[in-house]
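There are structures below to look over.
Note that chain A is present in both complexes that follow, paired respectively with chain B and with chain C.
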Partner chain A sequence: MPAPATLVNRLLDLAAQHYGRPRETLTPDADLFKSLGIDSFQALDLLSRLEEAFSCEIPDYELQGVTTFAGLAEIIARRA
Partner chain B sequence: MSHTHSALSATKLRPEAVHPNGHQHLGGLLLDATLQFRDLTALIEMDRKKQRSRWTFDEVRTHALRLARRFETWGYGPGDRLAILMTNQPAWLVTAFAAFLRGMVLVPLDWKLTAEEQAALLRHAKPKALLVEAHHWPKLVTAAASELRPSGASALQTPLGQGLPEGLRPIVTEWTGPVPMGEQGPTIERWEEASDGVAPTIETRRRDDLACIVYSSGTGGRPKGCMLTHDNYLSQLAALMALFPTTPNDRFFSVLPTNHAIDFLSGFIGPMATGAIVVHQRTLRPEFLLDTLRTQRITQMAVVPMLLEAFERALDEQLDKARPWQKKALSVLTQVNQLLTDKKPNHGLSKTLMKPVHEGFGGHLKLLFAGGAFVDERRAKRFYDLGIPVVIGYGLTECTTVATVQDLAPFRADTVGRAVAGVEIRIDAANDDGIGEVWIRGKTVMKGYLDDPDLTAETLIPAADGGLPWLKTGDLGRLDAARHLILVGRKKNMIVTAGGKNVYPEDLEVAFSSVGAEDLAIFAENYVWGAPPKVATEGGAALTHERLVVVARGGDFAVLKKKIVEANKRQPEARRVHAIVKAPAPFPRTASMKVKREELARVLAQRVERGAIEGI
Partner chain C sequence: MSTEVQPPAGFEARLDVPTVLAKQTLSAVRDGDILVVTMDSEPANEIGLQSLADLEALLEYTAMHPPRAMVFASARPNAFSAGADLRELHRELERHLGTGGDMAHAQREVRVFLDRIHGVMNALDQAPFTTIAAISGVCMGGGFELALACDLRVADKSARFAFPELRLGLVPGWGGTARLARETSPALLRDLLLTGRTLGAPRAYEVGLIQSPVARGEATRVAIAMARQTARFSPDAVAATKRLTKPLQVAELEAEKDAFVALFAKPTVREALARFANSTDIRPYL
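Moving on to the complex of A and B:
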């Protein structure tokens, strides 16, 4: 079940802001780790930020197997 | 009289460690340890800032015996394999203990691999049962089945459980779904369920029997299942206990994956044998790790260099917040501490002097163990100066983890330490600088690779003196006058990053496929140009630091270089290279156009000055 576009956009805004990347370089289907230039350990940092923004709890293991922003948005949609 | 009295109460407060020398197998050692430490706390599990569970040694034993009984009723006994695929938590340790009580062989798998890779390793190891977390089991089932499915076939046409070893029994923790899962799915055993209440038959093992099969590389290619015996583990434990003794007053923070030998010993067998507490945390986010360090009064922890880096960032943030006069005082204190503890670590003194910094790391840390990769010398020194010694070690799964380690007498961050008791190191075919391949032998060296006699024969070399065989490590290094081992790089192409990951250059080179180079390869600097010259550590350059260098040629080199720098920036940090150099000639290649790496490295060493390498 894909996440609503508004949620995906908000996620992209937050990610760009958090890691200081230009917003226009991030797209829903791009590789999250590659486009942010981070590894999975550094991505854990973003989870706390997302939990705050979307008022939900995202356990670390949810990142396993996630590759795109759209994929991460689906998880948030399921948990928010 | 008062003397006798205090000695007695001290005994009561701190029961003696259970020493591995008197034991034949891990099951016996762990059973004795739980009987020795009884109502003391064995395990604490944190979930963010909340305590999720706390286990005494008695409770660990009770649960393990119950689980061992269930294994027995399922017909599992000596030699039968049990795989574990789970993040660090009490259920991991309790289940491993139960398996050892039944004489079973443990197959700990890396939860960080993809589900497809995990399924492939399960097919290779053929375990009878698998301990797995509820959230992971469905992913594994889907991945295993999809791999075998003919293209075009739908998921519904492939029965669940296909692609996994036949008859594999999943033992799932925290499972809330139906049992069995789906119509065709394998029946799930809930980990939490009780046994029939009968005491299990405890199986004894000999030292030479297999304890674990640990995969030392899971990504791509040939699975390397290291067969480790009870003797391997008990010998390693004896060496580590002598160097770094722990007591029931210690609390070890287990964050490196327990499937790796390093945490298996330092975060499971070691603390259990000595009555120390193991603390788990369900998240690896640095903010919660730092919080647990403080609230759980952690005294020891093992880290990979990347985690040490995250801790240093936290340290800097803390220092940034300090007032100017505090910073000044801290700098003076650091220097005083340096002078006072240069020869011998004085934890108490350092702790008093550096109180504010210590408190940022919980205030109770005595030691940080760092291994698994090249540790930044400057960073290790910085923590040491702040009163938190970083113990650097080196080893391979093939030799049960630690072959050499620092003993802090004196503190040195420029080497990976000396061979531990019972381990012999030799430098094979050393060149004029004394650099050659590191060979290891001793009672910690594995029996061989599971179902791979060819690879075993290539790796374990019979000794000319008729003694134990030598383990070829593939690492290059030299021994200094004090017989400290100094590593310079990998013999083959494989490179170990600061994050503890094994990097395959062929894999990294793919990222640069679009830059338009005629020839492009990635090497570890020290592999091609040898050990780095002794440089001042200012600016972060460390002797043990390994730079990844892109060697390239084609068209206008300035344009090419720019494109390579750009492509590099788009890579995740762990996959980035650090430097670039122009290749002097077209690469030597095989008939099938594959680059002859060893020959190319020789050409580079001869024709390219080290000084020509530019950092990017």
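Moving on to the complex of A and C:
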């Protein structure tokens, strides 16, 4: 089940803000690691920021195979 | 490591805080009864042979000049410590096996290292003064074990805890299994070990792993405030409190070392170390 558009947009806003990317360059189907250009430690920091912003816990094993913002939003929707 | 020792957060305004120890991977400043140790080695305070020697030097200092409270902090922006220096371990193992050494001898070398690091962890664990870890960013494997040897843990919202050892075919070997079970619960320990997942600061607070969750960038300042408070108490009462609440789990610690050394001989561990050392994966921990 796809995540609500509002959740996807909030996720894209948060990613653009924290990692200094122009919001318009981030799209739901973009590869989130490539488009943010973040390393493994920054990826873990992103996880902490997402948990804080969406008030949910996201165990790493839920993220296996997740590469896009839309995919990540779907996981968050199921957890939040 | 920075060429100039900088005072940690909370001490910035003090120009008279003397540096009492300056080693390659850590330094320590002292303000009366408070000792603040700052780890600083690139990229993420990985603990290898040099860090071990520096930690031993720190404990020699505290044995001669015991503080009333000691804070462990990090100068690295994204990490308290990412744990054991796996690239060094990979390099040393390949050098050993490549020059005719056998795995049995490599296991003995690993055991020698483990005995030394357990000496450090046990001394920290049982130190007769309060020890506090100030954690931000990754706190994994051996770094997590170092934090667990401390009495109290302050963590900011960027902190993430994990035991990724099973990804290498290993178990934690520096006392982490015994200490996490002592500090929290065997169920949490199994969750972290068997899934390799990371744990954020809010959840870590809920399960009692950390005692003070703070805003980003505030861990060291709060840990120093905590140290000042505990330093007001009678040293004898502090030491007695630690004896009553932190039993050294001798049998469990020895069993953990045995398990680590036995697993280390498996070919899959050598392969996993090589993969890690050569990895360009952006998500090695996910």
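Keep this in mind: the second predicted complex is superposed on the first by the 77 of 80 C-alpha atoms of A that agree within 3 Å, B and C clash if a C-alpha of one lies under 4 Å from a C-alpha of the other, contacts with A are read in each partner's own complex, and residues count from 1 in each chain.
The rule we apply is simple: a contact is a pair of C-beta atoms (placed from the backbone, for glycine too) under 8 Å apart; a residue touches a chain by one contact, two chains touch by 3 or more.
Everything numeric in this text was worked out from a predicted model, so none of it was measured.
Residue contacts after overlaying the shared chain place A:G65 against chain B, while chain C stays out of touching range. In the superposition on chain A, contact of A:E51 is made with chain C only, not with chain B. Legend: residue contacts after superposition of the two complexes on their common chain; A:T6 is shown touching neither chain B nor chain C. Put simply, chain A uses residues 33, 38-42, 44-45, 47-48, 59-61, 64 to touch chain B in one complex and chain C in the other. For chain A in complex with chain C, the touching residues are 33, 38-45, 47-48, 51-52, 57, 59-61, 63-64.
Interface residues of chain A facing chain B in the complex, by the touch rule stated above, are 33-42, 44-45, 47-48, 59-61, 64-65. Residue ranges on chain B touching chain A, taken from their complex, read 87, 111-112, 114-115, 133, 135-136, 139, 282-287, 306, 310, 499, 569-575. Partner chain A is touched in their complex by these residues of chain C: 44, 78-79, 137-138, 157-160, 195-198, 200-203, 281-286.
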